[in-house]
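Just so it is clear, A, B, C and D label the chains in written order, and each chain counts residues from 1 on its own.
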Amino acid sequence: MTELEVDIAGIRMRNPTMLASGILNETGRSMVDVTKAGAGAVVTKSVGLEPREGHPNPCVVELECGLINAMGLPNPGIDAYLEEVAVAQGSGVPVIGSVFGGSEDEIAEVAKRMASAGVAAVELNLSCPHAEGLGAEIGSTPDMVESICKAVKASVDVPIFAKLTPNTSSIASLASAAEEGGADGIVAINTLRAMAICPELGRPILSNRFGGLSGKAVRAVGVRCVYEIFDAVTIPIIGVGGVTTSNDALEYIMAGATAVQMGTAIWSEGAGVFSDVCDGLGEFMKANGYGSVEEMKGIAHR
Amino acid sequence: MPIDSGVRVFVITEQVDETPTIRTVHLDGSMHAQPGQFVMVWVPGKDEFPMSISYPGERFGITYKIVGEGTRHLSIMRPGEKIGVRGPYGKGYSIEGESILVVAGGTGMAALAPMVEQAVASSASVDVVLGARTQSELLFRTRCERAGAAVHITTDDGSDGSKGLATDKAKELLEAGDHDMMYTCGPERMIVGLLELSRTTVVPMQASLERYMKCGIGVCDSCAIDGKHVCVDGPVFSHEVLSKLSDLGRTRLNTSGGRIPID
Amino acid sequence: MTELEVDIAGIRMRNPTMLASGILNETGRSMVDVTKAGAGAVVTKSVGLEPREGHPNPCVVELECGLINAMGLPNPGIDAYLEEVAVAQGSGVPVIGSVFGGSEDEIAEVAKRMASAGVAAVELNLSCPHAEGLGAEIGSTPDMVESICKAVKASVDVPIFAKLTPNTSSIASLASAAEEGGADGIVAINTLRAMAICPELGRPILSNRFGGLSGKAVRAVGVRCVYEIFDAVTIPIIGVGGVTTSNDALEYIMAGATAVQMGTAIWSEGAGVFSDVCDGLGEFMKANGYGSVEEMKGIAHR
Amino acid sequence: MPIDSGVRVFVITEQVDETPTIRTVHLDGSMHAQPGQFVMVWVPGKDEFPMSISYPGERFGITYKIVGEGTRHLSIMRPGEKIGVRGPYGKGYSIEGESILVVAGGTGMAALAPMVEQAVASSASVDVVLGARTQSELLFRTRCERAGAAVHITTDDGSDGSKGLATDKAKELLEAGDHDMMYTCGPERMIVGLLELSRTTVVPMQASLERYMKCGIGVCDSCAIDGKHVCVDGPVFSHEVLSKLSDLGRTRLNTSGGRIPID
């Protein structure tokens, strides 16, 4: 085991960085390329039962400190998408299948088909802030989160991770509910509900009006969420939101994350951000006498 | 301080009919870009889509074919109305070579015209093969001639120039001439044909591709082709990259991210 | 009435910019100086019944896109503070008194004493994310917000504004509750609960660990909140969070705000930001044919 | 890429006893700053407080008097231990004049020593009045002498130099000499005294002030003095500004933001 290797719910990763859902993972080949750029695992695009076009353009806004997106969960449907998953699996690194749905049963069904492809784990997107009835609405109360996790747990054998919304007064309660429901890990955070308006046109830019804020702007919120969740659950946490440098990854790890995901950083830095973050982690660990990522996990709680 | 959203709003100054189905919209500001780069054009309340910058610089303009809802709406907008633009995005043509062959099909000339002008200005000798269905659909013929390029016309119906495909004309010129670089933009099956020609004649080429684009900035993967992204790695790709793309001319993603064959 | 003048709950402001609570408003003299720099109104520091030291240092973290602060509501107590309010009132622009407290009665009492100083309005800080039992906890449910507003409304004659937290799944419900409770205006948003960790020291930077994120990073969240609130209430809204340019102010106004507050922009731009934003608004209105700020209010909802 | 929190972590390399109550802590990195600028020093788990940069440049250090919890904790930290630092902050001394008078009381010399060194290096002639309670508390006497300044000692108990106040000595020198600028840092009542001297002798001055600081970056208002902020507008203020400060030597804010008299 090299110093950067981590184990999350039994999944061995060569380093603690993963590609986040929704960024460069519509196609298997793009996911493979991201693993070549250094990612220790990839999460797939969130897929549902049926094909879905997502929201019309404009569906993304570029801010100084991040992006607002309202893709609206476009996806070709789980059955067609399994071909892309198979290609991604050729990369040799763990592939985690992200799924969404409009009901417990639907999510369980998509998860089952996703698991049939042999993914390392299934990530439940309970937190998309811009797809009505499919994302955060479904995951906005502890009860819903718990029962969805239970339903999915009953239908798949692989570990399941619940991806939670920060648009709540208590993400820790959602995490506890997921743990109660049998989740094997928590992914936090999805995007913050946000909006951009174009003054000269006097209208919201996104066709969906509302979108989700990601990137540097949200990092301090994500770190806070992971810190709170670490105090509430015993299952592993995957930190996501604005990770752009090894320092950002360390903040998440010390707050309690076992691994981190990156999405928007690919826009601001390019896919090379994966190896840059890993190199930085390695150097930091050497300079500060840490022998493993696990050793650093949650130490900001001491 | 720049506007923190990436969107710049431009007032339409003029709509110019280039052909019965193709128009140029000129805007009230400047857009500095390399030939071949594109912008995302936001027709408020309707759609946002990628368009090559056909007039870079001070008299910023894009040249569009009316194919659907978005372009139809753009076409009925009047001077004084506003559209949003983000970009320029992507990598344009790298202009090199002393004797250049440019092959344009359909609206491909929109991306290529600024390239032709720049190449002639840097004293290259430029042959342009301009193909269209019929005479009235030939785009930027006069513009190329005025720039100083030798324009070779092909039409499907023979109404002007030689009847037939642009690729046939290109083959003829390549085999006869001493071209050291080929540039193209147009239907993918044409590009596939030219790629084969490029291989046999050993004249390197650069081609601009089109894929369905959502973000335009390399995050959504909808413009993926073999792990490359047309929006950030392209739209212009070199011969070397093109020849390795197994999806070229075969499959692309639809709006749901589903893989569909290229017609 | 010049084009920039606005009226909010009967308070006439020469322009729609205000100093936000907690930034350069511990002393009356600083508030006067901010009005000289162009602010159309000033909100005071949030004050309570008794003196309070706030959290120990470090209490602020400088990020690329904003600040995280955990001042912890330091204040000299309402009685002592009224001297500073009197000085601020010498500026001639409206002074809005911000108050907090640990209970309905306490808030009502502080508001009463604040109102006795002749402030133009009282702003209820129901949303500080880093002072236990005094801020967001007090304002986290619609019921609490409604009953606090009722209690304050019963004890003062001036307009009252409820300042709400974005750390909730529905800020619109909190706003509706405030309106029900008799609030004359809504102020949104306070800071987003956040954290920064220093990797080399393996600990949170703030002595209070948790703090509130402000500045550019939160603007798109604030604009979204104002947009949602505008659909939920009929009382005026004051937008706050990351306003740094006239464009930012326009986003808030078009989302539905009558006026905007600025805090963190003073850190990044200096107090000159007030006149810069006003100049920019004036130019925009001229170029786009708007005769008043009111005309632009909420137009992004069309 | 810089660390996105403003906090830089330094390893303590050395703690040097300057006087029985004043120490210098040297750190393992560099801090480029103007004389008179300060940093916020974070003693992890204890406190964070403002300290002048007494050693700018490569051998970065601060010189602190042990007055309370935070400084006591700093004083027991050993080489190899780490502290956090943000800054440099504020506006330092603007070094001008050919014949300079420097008046330092208490730890004021911590802020002034780099200023003395820089002034001498730029060939000004420098008189330093160094005042302390007693001989052993005289800070940086040798450092100033080595730099090439003429050092004039005053002690409250007469154990060294002239018995009495630094201001008395300053008066003597100002009246006798041809100084064209006075620099000071120390207790506020001393600064008020020097301001009066500056008025009567018409020698302009620059003084560094101290106020309770929370943010250090101009947002919290705790360091306010007549609407000016010691952290961003100061800590060094010119004669012109100082003479307009009605709170100078009178009131300051305590940790609750309450107004209290200055002792």
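Things worth noting here:
Methods note: contacts are C-beta pairs under 8 Å (C-beta built on N, C-alpha and C of every residue); 3 or more make two chains touch, one makes a residue touch a chain.
Here the structure is a predicted model, which means the values were calculated and not measured.
Fewest steps needed to get from chain A to chain D, stepping only to touching chains, is 1.
The chain pair with more C-beta contacts between its two chains, of B-C and A-B, is A-B.
With centres computed as the average of Cα coordinates, no chain lies farther from chain D than B. In whole angstrom, the spacing between the mean C-alpha positions of chain B and chain C is 50. Spacing of chain C relative to chain D, judged by their CA centroids, is 36 angstrom.
If you average the Cα atoms of chain B and of chain D, the two centres end up 65 Å apart. Among the residues of chain A, those in touch with two or more other chains are 61, 63-64, 196, 200, 203, 216, 247.
The set of chain D residues that touch two or more partner chains comprises 4. On the side of chain B, the complex with chain C involves touching residues 1, 3-4. Residue ranges on chain C touching chain D, taken from their complex, read 22-27, 29-30, 32-33, 45, 51-54, 56-64, 67, 69, 71, 74-77, 80-81, 83, 196, 198, 200-201, 203, 205, 207, 263-264, 266-267. Taken together, the chain A residues at the contact with chain D in this complex read 216, 219, 244-245, 247-248.
Residues 4-7, 9, 40, 42, 44-45, 47-49, 82, 84, 86, 214-222, 224, 226-227, 229, 253-259 of chain D are the ones that touch chain C when the two sit in their complex. By the touch criterion given at the top, residues 61, 63-66, 68, 136, 140, 167-169, 192-197, 199-200, 202-204, 209-210, 213, 216-218, 220-221, 223-224, 227, 247, 250-251, 254-255, 284, 288, 296, 299-300, 302 of chain A touch chain C in their complex.
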